[in-house]
Amino acid sequence: MTLSLEAVAKHNTPKSCWVIIKNKVYDVTEFLDEHPGGSNIILKYAGRDATLAYEPIHPKDALEKHLPPSKHLGSVDSASAKALTEAKEQRKKTKDEIRVEEARKQRPPLHRILNLADMEKVARHVLSHKALSYYSSAADDEITYDENARAFTRYFFNARVMKPVSQCDPSTTVLGFKSSIPVFVSGAALAKLGHPGGEANITKGAATGGIIQMVSSNASLSPEEIAAAASSSQALFFQLYKHKDDAIAEKRVRNVERLGYKAIFLTVDAIVPSSRERDIRSPWVLEEQETGPQWHKDGEGAADTANVFGTAGGLIVNDDRDMTWERTIPWLHRVTKLPVVVKGIQCVEDAVLAAEAGVDGILISNHGGRQLEYSMPSFEVLYKLRKQRPDVFDKVEVYIDARRGTDIVKALCLGARAVGMGRPFLYAQSAYGIEGVAKIIAILEREIVTAMRLLGASSIKDLKPEMIERVDWQPLVHAKL
Amino acid sequence: MTLSLEAVAKHNTPKSCWVIIKNKVYDVTEFLDEHPGGSNIILKYAGRDATLAYEPIHPKDALEKHLPPSKHLGSVDSASAKALTEAKEQRKKTKDEIRVEEARKQRPPLHRILNLADMEKVARHVLSHKALSYYSSAADDEITYDENARAFTRYFFNARVMKPVSQCDPSTTVLGFKSSIPVFVSGAALAKLGHPGGEANITKGAATGGIIQMVSSNASLSPEEIAAAASSSQALFFQLYKHKDDAIAEKRVRNVERLGYKAIFLTVDAIVPSSRERDIRSPWVLEEQETGPQWHKDGEGAADTANVFGTAGGLIVNDDRDMTWERTIPWLHRVTKLPVVVKGIQCVEDAVLAAEAGVDGILISNHGGRQLEYSMPSFEVLYKLRKQRPDVFDKVEVYIDARRGTDIVKALCLGARAVGMGRPFLYAQSAYGIEGVAKIIAILEREIVTAMRLLGASSIKDLKPEMIERVDWQPLVHAKL
Amino acid sequence: MTLSLEAVAKHNTPKSCWVIIKNKVYDVTEFLDEHPGGSNIILKYAGRDATLAYEPIHPKDALEKHLPPSKHLGSVDSASAKALTEAKEQRKKTKDEIRVEEARKQRPPLHRILNLADMEKVARHVLSHKALSYYSSAADDEITYDENARAFTRYFFNARVMKPVSQCDPSTTVLGFKSSIPVFVSGAALAKLGHPGGEANITKGAATGGIIQMVSSNASLSPEEIAAAASSSQALFFQLYKHKDDAIAEKRVRNVERLGYKAIFLTVDAIVPSSRERDIRSPWVLEEQETGPQWHKDGEGAADTANVFGTAGGLIVNDDRDMTWERTIPWLHRVTKLPVVVKGIQCVEDAVLAAEAGVDGILISNHGGRQLEYSMPSFEVLYKLRKQRPDVFDKVEVYIDARRGTDIVKALCLGARAVGMGRPFLYAQSAYGIEGVAKIIAILEREIVTAMRLLGASSIKDLKPEMIERVDWQPLVHAKL
Amino acid sequence: MTLSLEAVAKHNTPKSCWVIIKNKVYDVTEFLDEHPGGSNIILKYAGRDATLAYEPIHPKDALEKHLPPSKHLGSVDSASAKALTEAKEQRKKTKDEIRVEEARKQRPPLHRILNLADMEKVARHVLSHKALSYYSSAADDEITYDENARAFTRYFFNARVMKPVSQCDPSTTVLGFKSSIPVFVSGAALAKLGHPGGEANITKGAATGGIIQMVSSNASLSPEEIAAAASSSQALFFQLYKHKDDAIAEKRVRNVERLGYKAIFLTVDAIVPSSRERDIRSPWVLEEQETGPQWHKDGEGAADTANVFGTAGGLIVNDDRDMTWERTIPWLHRVTKLPVVVKGIQCVEDAVLAAEAGVDGILISNHGGRQLEYSMPSFEVLYKLRKQRPDVFDKVEVYIDARRGTDIVKALCLGARAVGMGRPFLYAQSAYGIEGVAKIIAILEREIVTAMRLLGASSIKDLKPEMIERVDWQPLVHAKL
């Protein structure tokens, strides 16, 4: 069946809501209430073409999966398709789109990227305002975001000299899977916002660099698409945002196990949305950019109602907010034979409980400062765990978030098995696609090996707690951005 | 009797001083010495219309209450009334008034206010210079003001995961009265300076938000007016600045008890004026704004004598400076059956003495940094009280000043019953009236609930001292304003 | 005898060096080597009129005292006197002189000075570059100067409430002499550089304010002139820079005792010049101001040889660099019956030695950061003395340098008897003469009384060590200048 | 044999690579792989004149030493020589060269340099961008560079008064060799980059000032040239970057011993290149300076491949990365009778091991922050060594890096024998040649003597650990540059 734009346009209310995505028409009336991002954002496109808004944040098969076949109403007729194409071609670019296009042309050659801050700097130029707001934002005043990074700066090395280091091997294993350096990609969502290749850019770059990717439940590509992008020998982990309906969650876990994912990282620090104010303000900033420098317009349409949780909030509205150690871990063990890692441990007590619950690993993380403001900086938690409960390191693998080569080496000195990174990979793929991802892995390898050698370590096992020391002053850290 | 402007104008000396307020003529000669703000400010208007200066800082019935009927001399005649109206209409607006009018037009829509700092930012634009100086000023170099806020930043959470938090209740009681969130409005004076609705804006917004208002002795509306603005089920507390004359003080307490106020907060940290330099400088800044950018004029009139205590100082000249635990608390208990809270505790020793004196609660506060410069930051006092004398929390309810959702949750972890806020409500009502007040209560509720859930707490009683930890470094805090 | 300019001009070499001061001619050939400021500066004026350079830094009778009568050669003849007057009148003002004249006209009215920082701000505008450089400079990078002030900010009050403070008395005694507030003027040299009235401005202002002045050996007025400016009941102390020749030093001490000075403050922290770089650079900065914005000229005359110790260095070239506890204190006790105070104690050990040496008081000071860079901040020394050797406070009176009312009250809490201030009085007299001096005393009294009352203290003896507490963070202090 | 430019030009590939240096032709084909700076940089000049790039970073005899005589192919013919001269004369100056020429003309007269920061400031103006990048760069984010300096600021003096200091002697010995002040020149490479006189400027200035120079293996003059510049009584030390081939290393040691060098400083903290990002970016910055303000050009030639280790990295590619206490120190003791000092100790443990290995001294250093980022600041290591293992000071002489007079005195209080300085001498010779070097020695002497006297010390042995104290706050340090 083919449909005209006029026919679709009549279904522009909550009572009958049709949308067009890539020339296909869908009846989403009954889906409105289930949409994780809320119904308002869909109703904005009721009776109209929603392709432009839909594409960068949804896997290709999202609608197919969520809508029963009966709601697939068919395609628009050829005149309509032509009209849509013309409209797309004639659409006036926004100031932000023009800025981004110009910035992409001005990117420096890749070899001039010396560190991850350089890469982030390029990404900040070439990302759309919306994408940057989603990627870079953190909770409230972004204090935890900053303090996560500053925590590393309070630890200095007791470097050893006169050790043979001409041979230096930074490789390790994570949950038994080989990794060229003690780093894995941590779950990072909505990669298509930054680059059309999306999360697959990361997959392919990780293959080149020899590291493992943990794939987010909220990726803008489906687990299938990402698995298809992987090389045959490449290990993928899955970051699970557990649905509050155990059956739905189980289906998702079984699906990724079937697809060959090698571990489940259960996210426990983002069960409710936080207030990422930078993200929430993003549409208003863009609006003002278009309409001029005045402070604010007096009137405002009803459609401008604030989504108080920003892009991020929509992703987790259906998540399980009542998980417990007693119930959820055993459930997950029943559902899958894959190793289980708890992602989002923020204090020593919970690290101990996780070990007692029999999981295989813990990722000490406060979601990159994106959830609870004033959550203890992760590196401080790692340090306290080492001092108060060194036995935990013998029971589970311990991971943590980090950024620079020296950060990673510090974490390994304290007993971390490996380090997870999210944003840096989003920035790298946004700026240079697959090559960007491979580049930062190469940079990290160089930084790690240099630091190990200058510390007197020729392999990961030479890194010891006594090699780092917490200092009682706060170093001055150069603002790099 | 009606009087002409000419007749009034003759009484322009300390020996015979008449003033016109809203077309009525008063003989204030004998009142000059009793005026809390000093006689100079009245003499500036001797023989003239004083309405414009009088209105924003006095309750409507202030003159009626303080002047015997014989001093109510009657109204101006109709020609004079017309002349006064014309003068008012033709009065040239000051640069500050013009700026404020423009700023009010530019206010952002309310839904774009994401936090209390946003609200303060709007208020800083729309408040008159004088009002802002009074509201925002603090003692001396405003170090204690800043350090009060920074103290909170040195405490981080040990967040717990895997706790059921889908249901999360932030409500509590204060002195037995229900509150939707653990926050009450702390005494904040001169609200009419910021908005014509004055303190009643706060009363009505508090009703909407379900919280309790503590009303200042120095409010620009009378206790009667505020009580009249309250809903029938709404609890009001009274902040007592005790007059040095016990009889006058007793009359005031009995009056508010009769009006239905539910508790007395005795202010003990503001018995003498401090030096709020920003407030004192305010008239000079305005004068320079009108007369140009030169540094200072050489000559100056006698009338320009500095009021070394600013707007604030005038409010407490008659207060009791010789209160003691032995005398004043028993006196207050004799005068009223209402619960008594001591507002302005600044060290552990006095918290203990207050508990021993049998009061119902203490408000740990240094008057928002407005009184003693270098008074220990309140949150540090709370922390020390928890560590040194946890028994005090069992004997009295403990309150403290705070600002953001995470601040409040930190205070509750340490055992505070609720948190008082003053300036934020002044800012909110100044910027958006009643809706502004309701808005910040809604913001606080969202912030508190989010923080509680991400901490693993589903009710106030789940918040425990071990959930927060004092850190030994100073976080970088973004300047929001 | 009268002399022509031509006749004088012939004596322009080190072998025969005449100079004219206020129309009188002096043969200073033999004095060249004894001049504390070095011979170079005199030779610059050899054979010429030196009045302009001489006057602001020398007491009127300096030449008379140092030169034997035979070197007083007489006056210039009347034609020469006329020529000198004309030259003086026609002299083109420097850019700095023009700037200063303009700035003096723009001074704000005195009542707008709310604190000592305001006063310093005015002084910084109206002082010549040279005077400001001398007054404000400190050693090396001025770290100790800054840290002296920051030390106070790390101490907060445990304020007490519910204490009777309607009566509050800030008066005390220093070495038995009455003082209206616990503050005295500390030795501050070269006051004529800032104001023609010189140190006598301070003397008269101190009389008005009821405090004691300690007079510097290096004052630009003689001890006689200053004593003459004092009121009959006013106490003066003398700051002794001990000459290396005991006989000369003894003569100086006996002279001031005879003049009625009440105590000797022996300066021990400035026996050799330090490097006050700001002071040393001052002439170069002025030169560049006159000759344009280029970085530096290539060539330079021999006369431009740097005085590596600046204005300050010249003042102490003949001081005793070999003083010891064993020799110098007994010597001083033999020479005078006046009480002796050691000025410049910088560690606990020396405070103890001073007490054992039998002096009457110690002034904990590092010369306002003007001598040894990285000398421990004075307030930290006071704090350590209180903790480690409280007995010292029973044996000697202890003084310390400070700035603001709260600083002073903190020092008194720790057991200091009084506080010395130097620069603030130089700034005050430079900006407003006598009235400026009286003004800052009034400001300090208000600040001290306010702080005492808000602390719960009604007299100096109520100030106790437990009322202040050292905190473990560094407060943010507003830059006031 | 003479050769034409055309003949040389044919040999422009890796298979046959000829270059012209000062009109002489060399076949460097077989040397390409051995070049410490890599083959790429040579190939850039294959078949061409390389004089301009070669001269500032190589000793005059470098080619002669490294190339067998058969590869010295002869001179260019006279027409070619003329063409080269003309090309040199007609070469258009770069913007950076023009800037430098102008800046050199504007240098202030030497007497206006009051401290080493002043000297560095001049050098930063007159150095080429490339030279400054090499001299000033440090590892990664240059945190260790900054923290090295800030560490000193956390130590304050307990200054003593009433000690005889009119005589004050700052001289000492280093490894038995006399030094006028407790300072020696630490190895600093590539001095010709900053001044044509190169390291010999330092040698001659050190002779004037009476201090010892340690000469770098990577100097731009040969050990012979530097020894020739020394006065007969002057002591030189040699900084050894040990070649991985023991035989080559031995030859080098024996050579300097034969030349009269007095000690070997074995460098152990720079065995692999670090990432000195400022240095690496230098050529790109220059390129952009020439070609305009746009961000980056799209295309790029193959020749623009980044040397990821900058100028510095090339210097150490052949160094021994497998040195051990067990093997390397005994080897060095066998090879030479000279005293041996280990340069680059970064923790207490290694200081102890060095002492046990029987060396004569240790230089606590992290290579000026140029190698391992987050290496513990050297002064903190010295402090810990004094507290934890004071016995080490009795077994070996201990040195450390420092900058200002007070830094040096602090180090000596803790037991350091002397202080090494590298960059300051590079800056001084770059700015003013020999006179610059002598000047900073004179400045340091004045600063040391002043600090000693104000501390109450008349000789080095009077400096004691109790005279300095670590404070628990971070002083505010003025940014001088």
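Which chain is which? They are A, B, C and D, in the order written, and residues in each are numbered from 1.
Convention: a contact is a pair of C-beta atoms (placed from the backbone, for glycine too) under 8 Å apart; a residue touches a chain by one contact, two chains touch by 3 or more.
This one's a predicted model, so the numbers in the text were calculated from it and none came from an experiment.
Peer 1: Just how much do you need to spin subunit A so its Cα atoms sit on those of subunit D, in degrees to the nearest 5?
Peer 2: Angle of the fitting rotation, subunit A to subunit D: 90 degrees.
Peer 1: Give a one-word verdict, same or different, on whether subunit A and subunit B use largely identical residue numbers at their interface, taking over half shared as same.
Peer 2: Result for this pair: different.
Peer 1: If you average the Cα atoms of subunit A and of subunit B to get two centres, how far apart are those centres in Å?
Peer 2: Taking the average C-alpha coordinate of subunit A and of subunit B, the gap between them is 45 Å.
Peer 1: Give, as an integer number of Å, the spacing between the C-alpha centres of subunit C and subunit A.
Peer 2: 64
Peer 1: Check each residue of subunit D and list the ones that touch at least two other chains.
Peer 2: Only 472, 474 qualify.
Peer 1: Under the touch definition given earlier, write down the residues of subunit B that touch subunit A in their complex.
Peer 2: Touch residues, subunit B against subunit A: 105-109, 111-112, 114-115, 153, 155-166, 404, 406, 410, 446-447, 450-451, 453-455, 469, 471-478, 480.
Peer 1: Under the touch definition given earlier, write down the residues of subunit D that touch subunit A in their complex.
Peer 2: Of all residues in subunit D, those touching subunit A are 140-143, 146-147, 150, 154, 244, 268-269, 271-275, 277, 280-281, 284, 294-296, 298, 300, 304-306, 308, 321-325, 328, 342, 344-350, 353, 366, 371-377, 380, 472, 474.
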